[in-house]
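What follows is a single structure, written as structure tokens, with notes after it.
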Amino acid sequence: MLHILFLFALVLAPASHAADFCVAKLKGAGGVAGYACRDPAKVTAADFVFKGIVTSGNTTNIINAAVTPVFVQQFPALNGLGLSTARLDLAPGGVIPLHTHPAANEILVVTSGVIKAGFITSSSNKVYIATVTKGQVMVFPQGLLHFQLNAGKTAASAVVTFNSPEPGLQILDFALFANDFPTELVSGTTFLDSAIVKKLKGVLGGTN
Amino acid sequence: MLHILFLFALVLAPASHAADFCVAKLKGAGGVAGYACRDPAKVTAADFVFKGIVTSGNTTNIINAAVTPVFVQQFPALNGLGLSTARLDLAPGGVIPLHTHPAANEILVVTSGVIKAGFITSSSNKVYIATVTKGQVMVFPQGLLHFQLNAGKTAASAVVTFNSPEPGLQILDFALFANDFPTELVSGTTFLDSAIVKKLKGVLGGTN
Amino acid sequence: MLHILFLFALVLAPASHAADFCVAKLKGAGGVAGYACRDPAKVTAADFVFKGIVTSGNTTNIINAAVTPVFVQQFPALNGLGLSTARLDLAPGGVIPLHTHPAANEILVVTSGVIKAGFITSSSNKVYIATVTKGQVMVFPQGLLHFQLNAGKTAASAVVTFNSPEPGLQILDFALFANDFPTELVSGTTFLDSAIVKKLKGVLGGTN
Amino acid sequence: MLHILFLFALVLAPASHAADFCVAKLKGAGGVAGYACRDPAKVTAADFVFKGIVTSGNTTNIINAAVTPVFVQQFPALNGLGLSTARLDLAPGGVIPLHTHPAANEILVVTSGVIKAGFITSSSNKVYIATVTKGQVMVFPQGLLHFQLNAGKTAASAVVTFNSPEPGLQILDFALFANDFPTELVSGTTFLDSAIVKKLKGVLGGTN
Amino acid sequence: MLHILFLFALVLAPASHAADFCVAKLKGAGGVAGYACRDPAKVTAADFVFKGIVTSGNTTNIINAAVTPVFVQQFPALNGLGLSTARLDLAPGGVIPLHTHPAANEILVVTSGVIKAGFITSSSNKVYIATVTKGQVMVFPQGLLHFQLNAGKTAASAVVTFNSPEPGLQILDFALFANDFPTELVSGTTFLDSAIVKKLKGVLGGTN
Amino acid sequence: MLHILFLFALVLAPASHAADFCVAKLKGAGGVAGYACRDPAKVTAADFVFKGIVTSGNTTNIINAAVTPVFVQQFPALNGLGLSTARLDLAPGGVIPLHTHPAANEILVVTSGVIKAGFITSSSNKVYIATVTKGQVMVFPQGLLHFQLNAGKTAASAVVTFNSPEPGLQILDFALFANDFPTELVSGTTFLDSAIVKKLKGVLGGTN
């Protein structure tokens, strides 16, 4: 048995470090590659499970839709795994407005209803639009403007997965109208009249 | 208008190449980083949609379960996106035997039923097991032995996503018993009696 | 001398392949990681030099500005080097409208004039705006909406460099209004009135 | 001389940080990309040398073999270098049982004796077996089950190198039988009878 | 408005971390992937601007030239962006002696004057030399010996950019003659007579 | 059995492509990421074994040493594995002159004799020198000038491994003196007198 233990000793050496996983210690700023690892000895099976997207997000809002991100900040076990996910819920008439994920590609699987989705390529500005139903899969390349909307009469939902624990999410309307981006600059860099910019800033809580 | 077209010319230049996506040309062996790109001008929206996992895989087999991979070979649009997926179907009593994905981490979302799943870490040989229900999420680090089984009385299913278009799938029993791996070597490298190895080779169609 | 040659033989072996560089063979679609390499024996010093941005791009257009990309399609030596560049020219009043580079970070060095530039972060929608003059440097993180405009009375120019041979360039107005993206969908995914969308499609040559 | 020093100042600026190396500070959990760097000013030539595999590991154990890892935990200079190594010692009859390295490819150079080694591919379950003698080289792709055994009458040894400072090491028998993995689950996910599982748990110190 | 705020809550979650950027906290050693991130809430637009290469470096030195690095240590915003830059200034007769960047490829844009530059490939020892003038671009593959010299009668300058925040800079003469590298070893590993080594050590401040 | 075969069909799908390995098809230039894959169905166990460094390289030359590279061009199975190796042989008095590997870090294991080795850091020009004996390990960071010489009275040898299939090898003397690099430029970019340059070009077969 001593010999077995001896062999173990050699083999176990690396185990003192999270060679297999690196559950994020969210306190304290992270670094370029993500967060520091929690002590692996204190990590339990529960740390690898996330229960926050079992039910629909609240779609009672101006877009009749909700995006519930499951990024590393919500699910620390994703740290270093190169993956994250999110739940999309679209009430009838719901729409996830044009947005991009600056740091990841996206794969979508419809879990209920009918969704029309599309993305626009860079440079050629070509638009690719498809309607996908329950169980169908669609992909969206990194950093490209894309949208999803409910193309059916009932609620629709989908699970999307990204190849990064921090894909980012830039929603076009919020980027333009939900902050203090000066109206004059928004107008000057988009060709939109100041009146339109001001009106949308009003709707989305923007200033300046 | 000429000026607009001129500006377009500059901007469109890169579009002749698949800067945004690289749908695989599966004919002809691929390379280290994946497959060559199909002519982007011939790619349509339909190429970004996959419809092959809408229904359950056939679970009428010895494991009462099915794994339906959606890797780049099944869904060429995944080429270069760093993502792939698969559908797991588990009839009552079904089990996905211990297996590894040599080239990717995995994130699982339960779409129906109750699944018990677990993985074993390297070096420390620690086992992490959890029971997840519809809508819950679980992750499995790259290259580690893991399993999923139906822990409920009804059929269960899940969507799993990998951070590689070619995660690989090595099922332990098939690796040991479903090929021509000489019984003597299987036995010598696993501590399993030859009789057991021969018996399981019989079940799984192995030889030698 | 024979011995020297012998030593050379060993050392030269790898030279038959472009271990040091991989000048792109643009003919034929590329692959996930870029293009195939031209025969290194036929590559000359001239292949590592690009002369296409010595003079200003044509700024006589609706934005009074020009972006002249020097990506791998224009400069094949960039293949595999993880770098590309572009020249920005801004006549008085010129502006590079809001745009993103889906696949690269950007570093800008002002070569003449005064430029006001800014980017908007994802998620928090925070706007970072600065005015930079000749010789000053500014960075723009990957995939985020950003702009540059001439903040002076004379022509301004800059050299920007990306950490990818194919950074991509998605200009917001072109993505929304310079293609066949259906007006109804543009409107429905941006909160912009159809009338505005139709008007801008008219200006930028869009349809539908 | 002042001018030389001035030039030095510019050039030396980056030296305050470990631009060239990042010897691991093992205290404190690491992060996704490895460990924090020790103060480069305190690093000496001795830090780049490892003397722990000069002699054979202890092969007086149940497998008549020993694996002596030289991963970043044993040799902090490997931090960030994308490399690690290990010494294999196989007494006559010795065998390194089936195992995987979840995070790295492996290259083996025989330093004495005769070794028979093999790996099994994923998906196709194809077995590749070869016998290698002193000075010969063999490779094992990442994450695949593989083994090495002494195919000669004298002691054999090899140096293996991995393209990661933390390749991981999952030995099949230890993963199945040397922990508290419930017998029922081991049996249910491997097709092995409970009796066999219990017996091997007894040999390898497993429980449950 | 409550609903908008609710939607914001979901979307803003990731913003507590620097998903978009990671301005370096230079105090404290960095890690393999770079430095820890400063609190994104305290980062301002000014952090993304660098003003230190507006004017020429001091070329009154033995090489009549200056390299002014803008690496992450000088410009913390570069942390994690995969980019850095530097300004080259060459008085008439100035030369940047043979050097390498161990960790990055380089792209050079001439901003004034005429520069002759070249690099030597590994293995084949082939030399690629070109003369570039204002506005022309040249690339230098990673890790290869290269030089730049003033080929005109007036001062010349260039902006170079690297695909790493820490490209490193190893100047051959300094590596050989500006340190305590024992003369006997320098001579023995370069074929240079000890007398020559001693003389150059004298010029460059070396010892031993 | 039909059911087993059915399950196999699903699982085998990806096997038609080299998901696990990508043995190089050397004919035809490679690409940025390496070479195209040979048809995996035609790959045999022998393809994963290399027998070319069993015996010493020829050290009867001006450096009394030999470097025998085992890069992807010599051992096609290394394609995509992120690893390569080489054998160093040093007769008494032998030396591997100062050289760099532009694309990889290096780990060295002494297999016989006594070797003195060292490397010089970039920027700080600090020299790290150590003497290593049989079984000892030393590392050399990417792209830094380093050397190895026989510090004993008997022949010495070592196995070095790189974290790239194409690490590159730039030997300083060959780069400076064994090609057509004009004497005037060599002298002007190294501070070496033309006479010395001409003399060494004579020894190493250089011209100009």
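Lettered A, B, C, D, E and F in written order, each chain numbered from 1.
One rule holds for everything that comes next: contacts are C-beta pairs under 8 Å (C-beta built on N, C-alpha and C of every residue); 3 or more make two chains touch, one makes a residue touch a chain.
As the structure is a computational prediction, the values presented were derived from the model and not from experiment.
S.K.: Using the touch definition from the top, list the chains contacting both chain A and chain F.
M.R.: Neighbours common to chain A and chain F are B, C, D, E.
S.K.: Please give the intersection of the contact partners of chain B with those of chain C.
M.R.: Per touch definition, common to chain B and chain C: A, F.
S.K.: Could the interface between the copies chain A and chain D be described as same, meaning over half of its residue numbers are common to both, or is it different?
M.R.: different
S.K.: Where centres are the averaged C-alpha coordinates, which chain has the largest centre distance to chain F?
M.R.: The most remote chain is A.
S.K.: Hey, what angle do you get rotating chain B onto chain D on C-alpha, to the nearest 5 degrees?
M.R.: When the C-alpha atoms are superposed, chain B turns by 180 degrees onto chain D.
S.K.: Among B-D, A-D or D-F, find the interface that matches B-C: by residue number, over half of the contact pairs should be common to both.
M.R.: A-D
S.K.: Taking each chain's centre as the mean of its Cα atoms, which chain lies farthest from chain D?
M.R.: When every chain centre is compared against chain D, the largest gap points to C.
S.K.: Would you kindly tell me how far, in whole Å, the mean C-alpha position of chain D lies from that of chain C?
M.R.: The computed centroid separation for chain C versus chain D comes out at 42 Å.
S.K.: Roughly how far is chain E from chain F, centre to centre by C-alpha average, rounded to an integer in Å?
M.R.: 26
S.K.: I'd like to verify one number: the distance from the centre of chain B to the centre of chain F, where each centre is the average of its C-alpha atoms, in whole angstrom.
M.R.: Measuring from centre to centre gives 35 Å for this pair.
S.K.: Taking each chain's centre as the mean of its CA atoms, how far is chain C from chain E in angstrom?
M.R.: Whole-Å distance between the two chain centres: 22.
S.K.: Provide the list of chain D residues touching at least two other chains, using ranges where the numbers run on.
M.R.: 11, 13-14, 19-20, 31-33, 40, 102-103, 118, 121-123, 126, 129, 141-142, 144, 168-169, 171, 174, 178
S.K.: With touch defined as at the top, which chains are paired up in contact here?
M.R.: The complete list of chain pairs in contact reads A-B, A-C, A-D, A-E, B-C, B-D, B-F, C-E, C-F, D-E, D-F, E-F.
S.K.: Under the definition above, what is the set of chain F residues touching chain B in their complex?
M.R.: It is residues 1, 3-4, 6-8, 10-11, 13-14, 16-20, 22, 25, 31-40, 79-80 of chain F that touch chain B.
S.K.: Along chain E, where are the residues that touch chain C in the complex?
M.R.: 11-15, 19-21, 44-46, 48-51, 53-55, 70, 75, 77-78, 81-85, 105-107, 109, 111, 118, 121-124, 126, 128-130, 132-142, 144, 159, 161-163
S.K.: Within the complex, which stretch of chain C touches chain B?
M.R.: 26, 28-33, 57-58, 60-63, 66-69, 71-74, 102-103, 166, 168-169, 171, 174, 178, 204-205
S.K.: Enumerate the contact residues on chain A facing chain C in the complex.
M.R.: Going by the criterion above, the answer is residues 95, 97-98, 100-103, 118, 120-123, 125-127, 129, 141-145, 147, 149, 168-176, 178-181, 185, 188-193, 196, 200, 203.
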